[in-house]
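So that we are looking at the same thing, I have put the structure below in structure tokens.
Residue numbering begins at 1 within each chain, and the chains themselves are lettered A, B and C in the order written.
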Amino acid sequence: MGPVVDLHHAVVLAGRYPVLAGLDLQVQSGEILLLEGENGSGKTSLLRLLAGLLPLSDGSGSVLGFDLSKDRASLHRCVGLIGHGAGLYDQLSVAENVTFQVRAAHGDSARVASALERVGLSAKADLPAWKLSAGQRRRCSLAITIARAPELWLMDEPEAGLDEAGRRILISLLDELASLSIPVLLSSHDLATLRPHVHRSVKLAGGITISTQPGGRPWLKAEGATDVS
Amino acid sequence: MEEQIAKRRWVSVVGILAAISLLGTVIMGLWVTPDDAVQGAVVRLVYIHPPMAWVALYLAFGLSAVASLLYLWPRTRNDRWDALAASAVEVGVVFNGLTLLTGAIWGRDTWGVWWTWDARLTSTAILLLLFLGYMAIRRIPADPEIRARRCAIMAIFAFVDVPIVHFSVLWWQTLHQSATVLNAKLHPTIHGSMAWTLLLGFVAFTLLFVWMVALRFAIEKRQASQARSELDEAIRERRAETSEQSAS
Amino acid sequence: MFRDALLVAKKDLRIELRSRVLLGQVLPFAVACLLLFALALGPDRDFLRRAAPGVLWITMLFAAVLAAQRSAGVEDDDGARDRLILSGLDPAGIFLGKALAVTLQLLALALVLTAGTIVLFGATPSSWWPLAVAEILASLGLGFTSVLYGSLAEGTKLRETLLPLLSLPTVAPILIAGTKVYAASLSGAGVPAAWLGLLAVFTLAYGAVGVLLSGALQET
């Protein structure tokens, strides 16, 4: 089974400016990867590239088997991106927002309730989204992704705005994803909290990766071994 | 390199031919052909106004639409088509403007008004606005691929409108006026030397169009390669940021 | 594709019902337009009656630009656009759904504007159905172009100023056909089948273009 993410010399432009300047990255199936780096190092653009939202200006890459230069569109429904914005419609309630996304993904509406339960928003299900606090919006964003159950999770500073309870939910989510062998890439500035829970961390600077080190979670798969669980 | 020289030679040949045929049109139009019985000397505009309109509406627009389709179709996608479409539109805008100008001059002399709501002129005016919309989109700074895609889509939106605009304006106008002399197809008294001059005019402006588009296309390609080398420079600068940061 | 379209249409309409932009802003704007035109062109009732078709349709076009802004603006908050793209919905379905939502809003607007021109301009049609058909077709055609140009201009920061420039010349045929149909129905002249045909062709053409190009549009 090939790598879930395979980028070679990826260049991504914002106007004329290369936010990613020839980045190489491989992520194996089931791996939880932490992206570190200062503001402006390219973390957000990398995640959006992997979601299929940005075109590759140069280099090559494939995500979940989809070639990024040819078929970005098919990638969309297979990934879940938790970005800076929660992506909620302010006029719709929490439950309506999640239901819309689940139905759009041809999923089962029954998953909505359990997803909201998982992030602790069940009590707020009928509240219109504009009434939510930033942390609650972030939780709702998590609920949407949980309900959609994508094959690859991409999280951009997920801990931002979350209180203690929210962070615990996030960690338990990572545990669950690890046990299900679902690959995750997350970027964060809160390295102390998150490093122990990832398999590997990669540091970005100047639009490329400059270093990599193992994280706190043991990586049990040997190279080339297939997943038996 | 040889290919580039051959291309430049081809463009020069077209340019020379265009110049010759234009000169021929001017000479024949101004001196050889007779005045019209009704309109007098201003009828000589018929040698340049309809040809310009033909170039602007059909050649330029048609070319940009075809090139845009080729760009959007995944199998034939190539930056060349985007450059060609953009060049065709820019040159088309010039010809479009000239068509309206010559139409206005003609109308002024014949009927004393600067603007006649003639079907073709009105359609041309609307299409000019659509062309300008294309150019406005092109100016928005964006990733080259995204810009190309947006422009190609705009070109198709505009092109789909062309026949619809044409018919709606034609029906709008013909309810109020009988056939106008400004419509070249209906021109009743073209014969003899006038017919030949008209044909020469069409040939001349078509050649001129091809030459101008070729030049513009070359400029576009040069801009693209310059952008690419600027990009390499920008990438180098971007990666250099890492040495500042790996110290931390 | 149609299933996705209905989902998106329901969502947009639900948002519209709750935010009341159509009711609270676009409708008053449209009525204000009628009044301004009346002030500019009146008070000769006879002239106003003859000018009514043009006034109604120009106001429709302006309102359609607003509707286009609004339709594209639904996804402005907070990364909703990214979410919509990542939702996996068929882009053609998204296009049709948004277009349907805009069409229904424009139809409601057309109703109010027609009533307004009848009352304010004294322009009562002698036969209703050509105008009704024209308004339905035109609303659909305007719905398609609004969503298309809204999408095209959305990634750019210049959406507000770009949209009118792009869409108004394109929908000129709707203006022409609409006014001719209204004028014919006012004077009791024959049923203007050719104009209705033109509206149908326009609507079909842009519907087809939208469905075919929605994938490419999404990637801009």
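Couple of notes before you dig in:
Note that in this section contacts are C-beta pairs under 8 Å (C-beta built on N, C-alpha and C of every residue); 3 or more make two chains touch, one makes a residue touch a chain.
Since the structure is predicted, the reported quantities are computational estimates derived from the model, not experimental observations.
Note on connectivity: the fewest steps through touching chains from chain A to chain B is 1. Using the mean of the Cα atoms as each chain's centre, the chain most removed from chain A is B. Compare each chain's C-alpha centroid with the centroid of every protein C-alpha atom shown, and the nearest one belongs to C. Between chain A and chain B, the centres computed from C-alpha atoms are 47 Å apart. Rounded to a whole number, the gap between the C-alpha centres of chain A and chain C is 39 angstrom. Per-chain CA centroids place chain B at a distance of 30 Å from chain C. Chain B has residues 142, 146 in contact with two or more other chains. For chain C, residues that reach two or more other chains under the stated contact definition are 219. The residues of chain A that reach two or more other chains are 55, listed in rising order. Note for the complex: chain A touches chain B at residues 11, 13-19, 21-22, 37-38, 41, 55, 57, 70, 205-208, 210-211.
Across the complex, chain C is touched by residues 48, 51-53, 55, 72-73, 76-77, 79-81, 83-92, 96, 100-101, 103-106, 128, 137, 144 of chain A. Against chain B, the residues of chain C that register as touching in their complex are 145, 148-149, 152-153, 155-156, 158, 162, 165-166, 168-170, 172-173, 176-177, 180, 194-195, 198, 201-202, 205-206, 209, 213, 216-217, 219-220.
The part of chain C that touches chain A in the complex is made up of residues 4, 7, 11, 14-15, 18-19, 74, 77-80, 82-89, 91, 215, 218-219. Those residues of chain B whose C-beta lies close enough to touch chain C in the complex are 72, 126-127, 129-130, 132-133, 136-137, 140, 142, 146, 149-150, 152-154, 156-158, 160-161, 164-165, 167-169, 171-172, 175.
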